[in-house]
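Two complexes, one shared chain (subunit A), two partners (subunit B, subunit C).
Let's turn to the complex of A and B:
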């Protein structure tokens, strides 16, 4: 037998290699858990059971929607060859903007208010990435650093708001704002229509990138900036547009979390969704449509983590399992280009 | 050679190296004596780099032998060549910019002490600099140094590792005249102490000034080795570009055809390169409808910048670019495309293609925003695929799968694809930089025929090439570019190798 590298592979091979990677990671993780003395079949049983109850599915859905949005935010910037590590900060900014708007106009719980809140959330997220976008487009400042650092600014800003000016005095919990009365209507139990909106957004973005000249321009600019300039594509403009759109989508995630799930602004509201969005986007290979299954996988892992923790598995072990999945997918990405040939 | 110690420091015999479809070195003999500066002269693609890559162990020859001080050797890797005392200073420095001079000198060197402190490294560097007479500042960061200083660091690094044979690849290309003079002085000092130097250059005057002997390569073969004092510039130029230049023959009788109006024009244009240095200086150039203008010159004399200002990619710092009399906005490629200017760029993978994207996506790069590919708000994927298939077929490229990344095509096929794509949009003018680069003989003929067809359809064609024969073969007029200036522009029928060779080497046009 010998190994041969092939130049290009089909979509089917890509999907198969990802599924194989997840299975391999679970097997290796399971083996390690077994060595650590856990009853692996019992844990697996409980994870599956816990995820498939009505309650489990609701929990899964509540995790999936923000992961889709932050995943999309990171993925579309990957399309133009840039990393948005700041989806967490933009998520916070969107949550703040939506909360402030919601508290300022407490009257209605109608469709108009939801649209206004969504716009506010989008604007908040876009505003949060404005500086990194300008620095990237005009001064070639590395967006990885600028977007990442603004996360901490956003986190501290939200903590300040929740413990200071926006703190709800009637609340026993110290760090949360007053309740935002505008709510995204429920879909099923605690699950709200934000999930559907996120899925629709992913579909729309997938279509935009594949079937519009704008999407084509962004893809070319991401693949080779020099060639894009040569072809007459306004690279700087596209870069700004994509970065603002990315920040806005992450901001929408923050808005949906406030208006759909938490109903208040509070300290840990981002739940690391922004950072997890980076993983989702990498798993999805930067393709908006692939963000959907990737976000689902991530949600299943997070959900499983919650179940596992209730059986005494530590957070570190759960994180290690997440890391294994990512590691194996990264390996499979390369291995997919090799095939075994029987020596003749 | 009668004395034993006068054996050549390096003796190459019958060195042959073949690449697919190309003989880069064809039975080349070369001897390098201790205490001489031996110039290696030749056009781009003459085989100089291949020969030096063989001597430094980067390539292994298909045939032939290398002797160092009379002893046959085989270098399986550059490390072995360095151990045998062969050191090369590349045209593009291989220094780490964020490190100090002392750190760069000691990096990856077996004699670097195990416990290193900045003070120790700097003291050792200062000692080495004194020993070899190369003034460097050990504690300076490389990024703060001038090109000349960086070059001294490179040379010191090579000498410190025990090199007795020094290969300098176009060392003066990045230097100011003052720095070049200092380098020549340093080189004289080395050979006086028994070193041998191979000096690669295109510049005739410099070669005559510095070298003891000169070897001329052309098309992979050694043409001659001559003592420098017996040579003249015009003699070397003729040897370098070839005695017989194919006479204009492809229906080149410009007076038989109607040359049209000026389609693309540069008026007093100056521009800077990516490093901000002057690359074009006060260039006036007019391209008429239905003519082919050839740009001759040694690579790196402003060709890239010329093609880029003509197609709107690069901003001009002075002067105007006009299309059919209209002054064009600065650096707006889309405006040039809309006016019907096509461009086969110098470096297709860097600026003409998106390597990771599909062949289909790359084929429609210039027509994606006009019908049939653009339909209202939409990018019509099927129409794009159909157009791409047509372009690919016209370019005679065989593609198993249009969704395959374009980087998986061979260089020649990429070039054909770009060529065909650009011809479709070049209604007014086509700027073709090295259009035949990477093509085999048959494809070269085809490409040149296409250019002539475009000319006959009334398109102005500007061809930049290192292949002088090729330029003279199809061009109506030839301009020579040297250090960003147009040294002369004349009808191709009046061009001869000697005259162009002199101009390419920087000799100003004499009364002619």
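Let's turn to the complex of A and C:
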């Protein structure tokens, strides 16, 4: 027996390797939990039970929608070969823009206001990625670090707004803005139509990237920037468009979180959704359509984390576990290219 | 004014030390062609290991050693998939950051907020510490300062640019196929220098929690790992420039501290943004000013690329 590296692999192998990676990560994570003294089978039982209640499914839905949006934001930038590690900051920026707009028109709660808020959220997110986008397109400055650095700035800015100028004096919570009256209509319990909108957006983006000339040009530019340029594709323009779209979509996530779930701006509103979006996009292999199942899986893991918190497991352990999942995906992605051959 | 200058200078040396250590380690990793985005996680692991160690044995050097070991361990976890299995470097780096910060916060919870039980104290150097400004800013600091700012940059510069071994390891980052053909052990060098570089990050974390802050709290690294990565690009992958850049960032950070201490009429949140915005500016402005500079500071040609001996 020997191993051989093959040049290309089928979609089925990719999916199998992803699933294998997640299972491997959960097994290793479980083993570490067991070593740390947790009763792992009992925890797993509770996670399954807790997630399957009506309440659990609602929670799952609330986690899925922002994950789809941030996942899409990162995924479409992967299509053109770039990393958006700043979805968290863009999420915050979208939330700020939507809150400011919502508070400027108090009492408004209709379809028009929702559209205005969505546009504001999109614009906020797009604005937050503008500088990294310009630097990438015109100066070839590494986008990973520039987008990431702005996350810290956004976090500080939102905390400043919530404890300072936008703090609601009538509130007991010390770091939250006043309530935004514009609301995304409910779908079921706490769950709102933002989930449906996010799914539709994923489908639209999947079609755009698969079947339009624009999507084709973006994919070619992602595969080989120089070949694309030689073929007459305006690479810089596509880079700018995709990056602004990406920031905008992450901003929409922030808007939906404000108008649909939290109804106000508060510190920590992003819940790390931006960073988790990176995970979702990677799990989805950068395919907009695959973001849907990937976001669902990530939401299940997060939801499990929430259930586990009543058993003394903290968000930190869940965070470490998601990191482990990412590491195993990276490894499986590479191992999928190897075949076992019988020696001839 | 003199007091302000002293405060800025000593603050810059103290705060910038974390960045020098992180950046020098990353210079080593990137010079052999590996882009390690896991610095933030490695620093957190190093920092928490150091603080836990000194909580049990009150010895700062032992804490530093433990921090370095934690960095090395994290480096092995990173280098095995990246160098041996040739997995995607960006992904593994992000995974290391996420898993490292999560793990560090998790094991560090019982120690959060308590001051370190042993720290690297400032030592007044006889006579020199009585000099105006410089005396307090430079010659009354903890002894690690001199290692970090002087000995390590010189040693790394010498290693990279004045020895045959340095030529080999730079060749591995520029053109691994050619290095391989010349008999340089590409995979071995990559593995070793990625792990050594990770040890530097562990040391940076230990320095953070034993000398700079000195205590542990969740999220204490605060993006310093990422700033160090940015610094390496800004420095054109050179040790001296990395140290100089770290000093600049130290000054910017110190400016924020001084501003808060003196009640400048700027909200503290904006002062805290300075290091991040400063890093952004330093990544963008030099490239904007001069294309020639951009070429001179170019990355190793094979940075981020896996080396397949059978497919070259």
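Definition applied: the second predicted complex is superposed on the first by the 338 of 344 C-alpha atoms of A that agree within 3 Å, B and C clash if a C-alpha of one lies under 4 Å from a C-alpha of the other, contacts with A are read in each partner's own complex, and residues count from 1 in each chain.
As a working rule, contacts are C-beta pairs under 8 Å (C-beta built on N, C-alpha and C of every residue); 3 or more make two chains touch, one makes a residue touch a chain.
Only a predicted model underlies this, so the values are computations on that prediction, with no experimental measurement involved.
> Return fit or clash for subunit B versus subunit C, each positioned on subunit A through the superposition.
clash
> In the superposed arrangement, which partner chain does A:223 touch: subunit B (first), subunit C (second), both, or neither?
Touch partner of A:223: subunit B, not subunit C.
> With both complexes superposed on chain A, which partner does A:322 reach: first (subunit B), second (subunit C), both or neither?
Only subunit C is touched by A:322; subunit B is not.
> Looking at the overlay, does A:231 come into contact with subunit B only (first), subunit C only (second), both, or neither?
Only subunit B is touched by A:231; subunit C is not.
> On the A-aligned overlay, A:210 touches which partner chain: subunit B = first, subunit C = second, or both, or neither?
Touch partner of A:210: subunit B, not subunit C.
> According to the contact criterion defined above, which of subunit B and subunit C contacts more residues of subunit A?
C
> After lining up the shared chain so the two structures overlap, which partner does A:83 touch, if you call subunit B first and subunit C second: first, second, both or neither?
second
> If we overlay the two complexes on their shared chain A, which of subunit B and subunit C does A:112 touch? Say first, second, both or neither.
In the superposition, A:112 contacts neither subunit B nor subunit C.
> From the options 99-107, 189-197 or 297-305, pick the one stretch of subunit B whose C-alpha atoms clash with subunit C.
99-107
> Check subunit A for residues that touch subunit B in one structure and subunit C in the other, and list them.
In the superposed arrangement, which is not itself an observed complex, subunit A uses no residue for both subunit B and subunit C.
> So in the complex, which bits of subunit A are touching subunit C?
Of all residues in subunit A, those touching subunit C are 5, 83, 85, 131, 135, 139-142, 144-146, 148-150, 152-153, 156-157, 159-160, 164, 275, 278-279, 282, 314, 316-324, 326-327, 329-331, 333-335.
> With touch defined as at the start, can you tell me which subunit B residues reach subunit A in the complex?
Listed in rising order, the residues are 311, 313, 332-338, 343, 345, 350-357, 361, 365-366, 368-369, 373-374, 377-379, 381, 401, 403-405, 408.
> So in the complex, the part of subunit C that touches subunit A is made up of which residues?
Residue list for subunit C touching subunit A: 37, 41, 77, 81, 85-88, 90-92, 94-103, 105-106, 109, 218, 222-223, 226-227, 229-230, 233, 267, 269-270, 272-273, 276-277, 279-280, 283-284, 287-288, 294, 308, 310-311.
> Would you mind writing out the residues of subunit A in touch with subunit B in their complex?
Listed in rising order, the residues of subunit A that touch subunit B are 7-8, 210-213, 215-217, 219-220, 223-224, 226-234.
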